[in-house]
Every structure is written in C-alpha cells, then in structure tokens.
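After this come two complexes, each holding chain A, first together with chain B and then together with chain C.
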Partner chain A sequence: MIVVAGAVLAGILPLVTESNYFIGIGVSACIFTVAAVALNLVYGFTGLLSFAQLGFWGIGGYATSLTVMTFGGNFWMGLVWAAVINAAVALAVGYPTLRTNRHAFVIVTLAFALLVTLIARDWVDLTRGPLGIPGLPAPSLFGFAFRTTASFYYIAWAFAVLAIGFLYALCSSRIGRTLIAIKQNEPLVRAQGISPMPYKLAAFAIGAAVTGMAGGIYAFHLKIIDPLFLDFYYMQAFLIMVIIGGAGSFWGVVAAGIVMSALPEVLRFSNELRMIIYGVILLVAMLAMPDGVAGWMRERKLMRMRAALR
Partner chain B sequence: MSADPIYLLQLTLNGVTLGLLYALIAVGLALIFGVLEIINFAHGELLMVGAYAMAFALPAFGLLYWPALVVAVLASAIAGWVLYELFLSKLKLGELERSILITLALSIIILHVVQLLFTASPRIVDTQFGFEGVEIGAIRITWTRVIGAGSAAVAFALLFLVLKFTQFGRAMRAIAQNREAALMVGIRPKTVARNAVVLATALCGLAGAALAPVHLVQPGMGQFLIFKAFALVIIGGLGNIPGAIAAAILLGLVESWVGGFFQIVWQEAAVFVLMMGVLFLRPDGLFKRGAMRVG
Partner chain C sequence: MDARAEADADAGGTAVSAVLEVRDLHKAYAGVRAVDGVSFDVQAGSITGLIGPNGSGKSTTIDGISGFQPLDSGTVRLGGADITGMASHRIARAGLMRTFQTVRVYERLSLRENLMIAAQQFDAAGWIDELLRTKRYRGAIAAGEARARELTRMIGLMKYWEAPTGILSYGQKKLVALAAALMPKPRIVVLDEPVAGVNPTRIREVEEVLQTLNAAGETFLIVEHNVEFITTLCHHVIVLDQGRKLSEGSAEAIHADARVLEAYLGVAPELEEAEA
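Our next item is the complex of A and B:
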C-alpha cells in the first residue's frame, strides 16, 4: 500500500516542481535505486559480493549509446541490446568464476570491472577512448521526443517501477526463496536436490541485464558517455545503498536508494570530501550495524518482543 | 619487428625487475590472507603511503636512498599496525564480506585523504642515483630498478628464513595451516595476526619505496597495482607465497614481452586474460597445495 502510494507520488514529481535540478535528482534516484536493487538480488539475496555490477553498468551505457550513435538503431533497441549483451557476458564470466570459492569470485568480479574500464579507455576505434561519445540524442516513441528533463523523468520512473516490480516478484517467488536458502546454507540446498549453480548464474545474469539497462538510461540522461561513466564512485554508491538499506531486505534497499541518491546533492562538497564521507559512512555502517538500518530495526523489534514476554 | 636477441634480453630483464616488485605486493596479500583469511583491499593504498613517505623522505635526507627507504618501510608498517589495531582486529573469522567492505572503505578514505592533502598531480622522485644505470653490452638498466629488484630478492630470502626457522614465522604458518591445533599448543592468534599484518605492510611499503623513483608517485598508483596483485594471488593460489612470487615474475615477463611487441592495451589486458585462463583450467590456482607453506 505504502509502496503503491510512493510510486504514484514519485510519478507526479514533474507536476509538483518546475525545477530541472530537482527533477534531475529524481531521474538519478530512480536509476540508482534500480541498480542498487539489482545488486541486492546478487549480494543481498544470493550472497555473491559482485563488483562486476560496475562493469555491467558501463557495458549497458556503451551498448545503448553505440546502438544509437554507431549502428543506427534507436534508444529502445539499445536498451534491449544492453540487457542481452550483459546477460551473455554475465553467463560467460559467471560460469568459470562461480565454480571457485567466494574469495576468488569477489576478486574476479573486481578485475572484470577494471577490464571494462580499460577497454572503454583503450579500444579507441569502438568507444572513442577518453574523449567519449557526446551529444546522445533524446529518445523518442511514436514521434514524441523526450527532450525535456521532465519528460525524460517519465522514462526513468516507468523503468524504475517496472524493474523494481519485476525484481520484487522474482525475490518473493520460489526462486527468491531458493536464492536466500543458497546464501544461508548451500550444502542444505544441495541435500534438497536443488543444484545451486543455475540459480546463482540466473541471479547474476538478471542482475547484470537490469544494471545494464539502468546504465543505458543513465547515459542518455547525461547525454554523454566516456570512461568516467565507470568511475568507482557508482559502485560505491550502489554498495552503500545496499548496505545501509540492509542486504537481503527488499524495501529497505529501495528506501536507502532514494535517500542516498538525494543526500550527496544536499551535501554539496568537493569530490574528494564526498568520497571520504562515503567511505566513512561505509566503514561506520560495517562496524556498527552490519545488517543495515532494516536489520537494526528487525533487531530492535525482536528485543521488544523478548522484553514483552519477560 | 624482428626478435633482436639483445632487445629480447632487455625486455626479459625489465620483466624480471618488474615482476619482483609485483611479487612484494602479492606476497603481502598472500600472507594476510593466509593468517587472517582477509582480502586486504587497502593494500594498494599502504603501498601508496610508502611511496609518498619515500617522496618526502628523500629530499629530507639530501637524496640519500637507503635512509629514505627505511623511513618509507617504517611508515607503511606503522600504518598497517594502526589499521590492524583499530579495525582488522575487530573482525571475526568467516566474515568475508564484512572484511572486504571494511578494507575497501579504508582504501577509499586513505586514497582521497592523500588526494585532498597533496592533490592528484603526479610527483617525480629524484634519488642520489638520478637516471644513471649499469650497462652490460648494449643492455642498460637504471640503478633504481636494480636496487629495487635486489631489495625485493633480499626481502624474499629473509622472509623465507623468518617463516622457516624462527618462532615468529613458524607461529604464522601454524595458524594458517591449522588454527585449532595452533591454539592448543598456545599460539595467540591475535598477536600472530598483528605480526603478519605488520610484516605484510612493511613488504608493501618496500615495494612502494622501490617503485617511487621508477614510477610516477600519485594517489591512484596503488589501485592499478593492487588489481594486478589480486589477480596474481588468484593465479598463484590464494594464500600460497611461493605461488604468488612465481605468478608475479611470470606476469612481469609476460607484460614486458607483450608491451615490447604489441599495443599498450594488450599489456594491461594480459593479466586478466591470464587469470581467466587459469581459472578456467584450474579453479584453485596454478600452485594450490593447501594452506600457507614456504618450502
């Protein structure tokens, strides 16, 4: 109920404010929240700490931009390509990596993200290197061009509602419960006759596809794509959203995504100081409440119930 | 380009010197992983701290190399000790994700604090040796590279002796190989863990100090090196010290050869291609032999 009201309220944001600045923050909030929820599927539910999300975000951005600028497709085709390419890459990277242990998985996904950055910077023939691809055109649908920030907001909003709805349906289904079971006790899952590998691979690939589409939309919001699109800042932002919201808590991460997208805009510091503050938030969160705000609240509820029983 | 033997030899020597420095970083990671079961994401930033300490100590000592090197190693070791006491000692075994995110946060904080204090612009570090070098026939290597590689080799020999023959090192191996048994014979895990972190960060500081005159010193220098070091410990087998050294020298050679004949992109991509190849064929790394061993 709250969720539906929130989604509708978010939908009328452009009617409330005229300011492109606030609507721009709204676009970022929608997209970042989706990316954070996709990371939550992979890390929070399945228990795979993946830094590859940054790589998928970048591949999505580049795939969508290149479809439009180099291969003559349109924005919507670009998003489809972003999802398809990412899912394929995720399967190719995921299969050998998921066979190894959790430590190796973390390191390989990190190395993958870095490799994508290197390719974006050094494969000049395709990506135009550090100069990037400026002037991405506004997407259009049935002759209507989403030129203004306010109209673009509806793309981001619709995407966020669809993607979050899809991921919620997935996470609360039998598949979602199997993923949680894999995170909590993999040998038990095997003992129940369920092979964890296809589930892990599927979660990794779906997370990659959704992150890629989010990246594609964000690139067209910025109207330029260059290797800075793969700045570690984005990965850090997604991670903080998941951790503050509480890994494995679906609506906690959605709420944290919205709050944490708006917060850096409110706290307008220099780039270095902002990164330091993010680092300190991450450090304090990990030391003080490793299960995030949602986990902390769950803990307090349990404490109260115990106190009531006494 | 034809394979001129002298050119090839020059590339090989460059590769070995580079590989020895990579090995210093990878060995520290392997040591920390072996004893604490933590992947230290802040390792690259400790290296950067060592390089900055070198950059500031050299002018203070009138460009004398050795005293500055000692200062840099001490600076990194102290930084590592502080990080251990404040943060890493709070971690329990098996909290893999938490350890990764804490060290990642530390790495981001150190990186950006240094960037805020000293700006992101790269520094060139001059030593008493300048750009002079040794010449053997047509092959030429600068003294700073020779000394860097030499100190790395000496450090490995010392590390081997320490781990093999002293109580200090034996305790580390014992913890890495069988924690319960080590506890039963009265080894304190916290003390050993602290020793391992200080030792690993000292090695890392040595790498930073040795790299400072060869590379440009800048806040981001640790990041790219650490990604390579991560790949190396994966290739060598997590927690395996000789494996990490072998993988590092191999990578130094491959990078140097690839860089000599192909575009620079391939040099950077070599380490990832190598890692993915190894993971496909042997998911536990090339030299997997169980917990930390030295001989």
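Our next item is the complex of A and C:
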C-alpha cells in the first residue's frame, strides 16, 4: 500500500514542481535507488560484496551511448544492449570467480571495475578516451522526444517502478529466500540439496543487467559520457545506500536510496561543509545502527519477541 | 526393537536391504589418518549408531559419505547407486540428508522458513513456477507447510513457528536442524551428535521423536558421544577408534561391552564438546 502510494506520488513529481533542479534530483533518485537495490540483491541478499557494480554501471552507460552515437541504434536498443552485454560479462567474470572464496571475489570485482575504467580512458578508438562522448540526444518513443527534464523524469520513474517491481518479485520469492540462506549458511544450503552456484551467478548477472540499464539512462540524463562516469563516487553512493538501508532489507534500501539521493542536495550550502556533514550523518548512523535502519528495527522486534516467548 | 534390522545386521551386513553401503573409506589430513579403512552398512529402516571417542573419525566419516570432505579412497553406495565423490548437494538430492556437529540453522529466518528451504529442492516447482506463483508452486508450498507443521509439533517448538531461529537455545536449534533434515522424507538421515549440548531432560524427547519417525519407516545413522543414548536407541552399533572400526554389533552386545569399551576407549557420556 505505502509502496504503491509512494510510487504514484513519485510519478506526479513533475506536476508539483516546475523546477528542473528538483526534477533532476528526482531522476537521480530513481536511477541511484535502482542501482542500490541491484547491489542489495548481490551483496545484501547473496552476501557477495561486489565492486563490479561500478564496472557494470560504466559498461551500461557506454553501451547505450555507443549504440546511439556509433552504431546507429536508438536509446531503447542501447538499454537492451546494456543489459545483455552486462549479463554476459557478469556470467563470464562470475563463473570462475564465484568458485573462489568471498575475499578473492571482492578483489576480483574491484580489479574488474578498475579495468573498465582503464578501457573507458584508453581505448580511444571506441570510447574517445578522456574527451568522452558529448551531445547524447534525447530519447524518443513513437515520435515523442523526451527533451525536457520533466519528460525524461518519466523514463527514469517508469524504469524504477519496473526494475524495483521485478527485483521485489525475485527477492520475495523462494529464490530470494534461498539467496539469504546461501549468505547465512552455505554448507547447510548444500546439505539440503541446493547448489549455490546457479543462484549466485543469477543474482550477479541480474544485478549487472539492471545496473547497466540504470547507467545507460543516467548517461542520457547527463547527456555526456566520459571516464568520470566511472568515478568511485557512484560505487560509494550505492554501497552507502545499501548499508544505511540495511543489507538484505528490500524496502529499507529503497527508502535509503531515495533519501540518500536527496540528502547531499538538501545540504547544499557549502560544498566542503556539505560533504563533512554528510559524512558525520553517515558515521553516526552506522555506529548507532550497524545493520542499517532495517537491521535496527529488526533487532527491536527480536527483543520484543524474545521477551514475549520466554 | 526392530527384529528385521537385527536379523539383517546379524547376517553380516551384505543384505540387499542396506540403504547405505560404506566400503574401505580412507581420509588423511596432512598425515593424520582421520579415517583409515572403515566399512559398514546401514540397513533400511534401522537406527544405526556410530560411536567412538573424540577424534576417532566419526565426523570425518560422515563428511566423506555426504560429500563434504573429499575422500582419499573407498566407495559409498546409497540405495545401490554409487555416490562416491559426488557433490554434496547431489548426494542430498539422491536422498541422504545430514545435520552438523556444530549446529547449523538459518538464524535470521523463521523456523517455518528454515524448514521450507530444506524441502524446496525436492518438490516439482521450478524457478518459473516461483516467479509466476503457479498452481504447482502453491501446491508445493501447501504440502511443504503441512510437513513442516507436523515436524514442528513433533519437536515441540510450535510456538516458535514464525520466530527467527536465532532466538532459540542451542538445544532447540539442534531440534530444528533435525526437523529440517527430515523435511523431504529422505532415504536416510545422518545425524552428527544430535543431543550434544541438549538439556539432559530433553534428550528423552529427542529419543521419542527419533523412535516415532523410525517406526514410520525413516532410516537413521547417528553419530553420538552419549553411549547411553546410542544403546537405548540403536539397533546396530559401530564403534570407531583412531579411524578404524573397532567392533560392530547389536546394541545389546555393545552395551554389554560398554564397560570394557569405556575402560579401553575412555568413552564417557560427555554432553558438551567444543569442536569445529
């Protein structure tokens, strides 16, 4: 109920404000939240700390941009390519790496993200290197061009609703519960006849595909893509949303994604001071609630339950 | 006591009704011969005990059987089919469910969810069914829940049905692990120290649960430290020492021998044991 109301409310944002600034924040919030929810699938549910999300974000941005600017396709085809390429890359990277232990996995995904950054900067023939690809055109559908920020917002909003809806269906199913089980106790999962590998691979690939599409849409919101698109800032933002929201809590991360996208903007009086205040809020939140807001609420519920059952 | 299992066991362990056949297992850890040529059978419908002092290779034996430790040599047959060297999840699917010496449950999931996960690999609903919530999926859920309730009632934890298992005591978690292993009605259930750390007054309840399930046809292989528990419950007992089979026989025979064994092995009914 709350969720549907929230989604509809978010949908009418451009009707309440005409400020491109606020609508722009709305676009970012939609896209960042989806990327955070995708990371939550991989990290929060399955327990795989993946820095590769940054690479998938970049690949998605470049795949969509290049589809339009170099290969003569349109924006929508670009998004499909972003998803397909990312899923394929995730399977290729994940298959050997997920067999190793969790620590090795973290390192490999970090190296992967750096590799993508290097390709974006140094494969000049394809990506035009540090110059980047400016002038990404407004997407159009059935002759309607999403030229204004307000109209572009609807693309981001529709994508967020679809992606979050899909990921919710996945996470709330037995598949999602199995992912949590794998994170909590992998030997027990195996003793119950479940092979963890296909689940981990699927989570990694789906997370990659969704993150890639988010990246593709974000590039067209910025209207330019260059190696800065792979700035570690983005990875940090997704990770913070997951941690604050509570790794493994679906709606906790959605809420954190929306709030944390807006927060740095709300605190916009001085750039340096803003980052410091932001940092302090983060630090306090993490010290007081190490498992995020959702974890804190679950802990309180557990305490009540223990009291009731003793 | 089950006369049939008794008879089969006395026939020398080669009867066709052996659900699990273990032959000449060997496993060394960096020079330590943890299991050194162990062979035995578990008859269908029996409760078979595997006892021995700490470090005698009981856990290593069942880890090898269930695919959790690669074996150096030997063969394992389940229902006549060779399962040696198969991945642990495949062995589980073939019908061998096990518990762990150090209790394993999904602490953050409810008791209900713990049991439902344990059975999900064994029903007909696939990923597509799950995403679309098809009739087949709903049927599988209903059947699973019915079984889960039956087992939860049996272990007396119904009031924790929706509670995360993390709030349960160690002994209660052992019962949850037992119930989870029983969920898919496997061919054989292998229990690694099911009553270690369980409150002595509740051990009797565990015995009753196991006897009820056995009367309904379930086969058990139980590793225990508690000689009393093993000899009251088991039809057939195998004694390990230093990775080798020391003796084997009916519970009565082993029980009669128990004093000798205790003197020789130092087997005492230790309830608590800190071991990985």
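As a convention for this text, the second predicted complex is superposed on the first by the 283 of 310 C-alpha atoms of A that agree within 3 Å, B and C clash if a C-alpha of one lies under 4 Å from a C-alpha of the other, contacts with A are read in each partner's own complex, and residues count from 1 in each chain.
Methods note: a residue touches a chain if its C-beta (ideal position, glycine included) is under 8 Å from a C-beta of that chain, and two chains touch if they have at least 3 such contacts.
It should be emphasised that the depicted structure is a prediction, and the values quoted were computed from it without experimental measurement.
Looking at the shared chain after the overlay, A:194 reaches chain C, while chain B stays out of its contact range. In the superposed model, A:77 makes contact with neither chain B nor chain C. When both complexes are overlaid on chain A, the residue A:169 reaches chain C alone and has no touch with chain B.
Of the two partner chains placed around the shared chain by superposition, chain C is the only one that A:305 touches, whereas chain B remains out of contact.
After overlaying the two complexes on the shared chain, residue contacts for A:185 are found with chain C alone; chain B is out of touch.
Legend: residue contacts after superposition of the two complexes on their common chain; A:138 is shown touching neither chain B nor chain C. Put simply, more of the residues of chain A are touched by B, taking chain B and chain C as the two choices.
By the touch criterion given at the top, residues 66, 68, 87-90, 92-93, 97-100, 104-109, 113, 116-118, 120-122, 127, 130-131, 159-160, 163-164, 166-167, 180-181, 184 of chain C touch chain A in their complex.
Within the complex formed with chain C, the residues of chain A that make contact are 169-170, 173-175, 177-178, 180-181, 184-185, 187-195, 248, 302, 305-306, 309. On the chain B side of its complex with chain A, the touching residues are 33, 39, 87, 90, 96-98, 100-102, 104-106, 108-109, 111-113, 115-116, 224, 227, 230-231, 233-234, 238, 264-265, 268-269, 271-272, 275-276, 279-280, 283-284. Those residues of chain A whose C-beta lies close enough to touch chain B in the complex are 43, 49, 96-97, 99-104, 106-108, 110-112, 114-115, 118-119, 122-123, 232, 236, 239, 243, 270, 272-273, 275-276, 278-280, 282-283, 286-287, 290.
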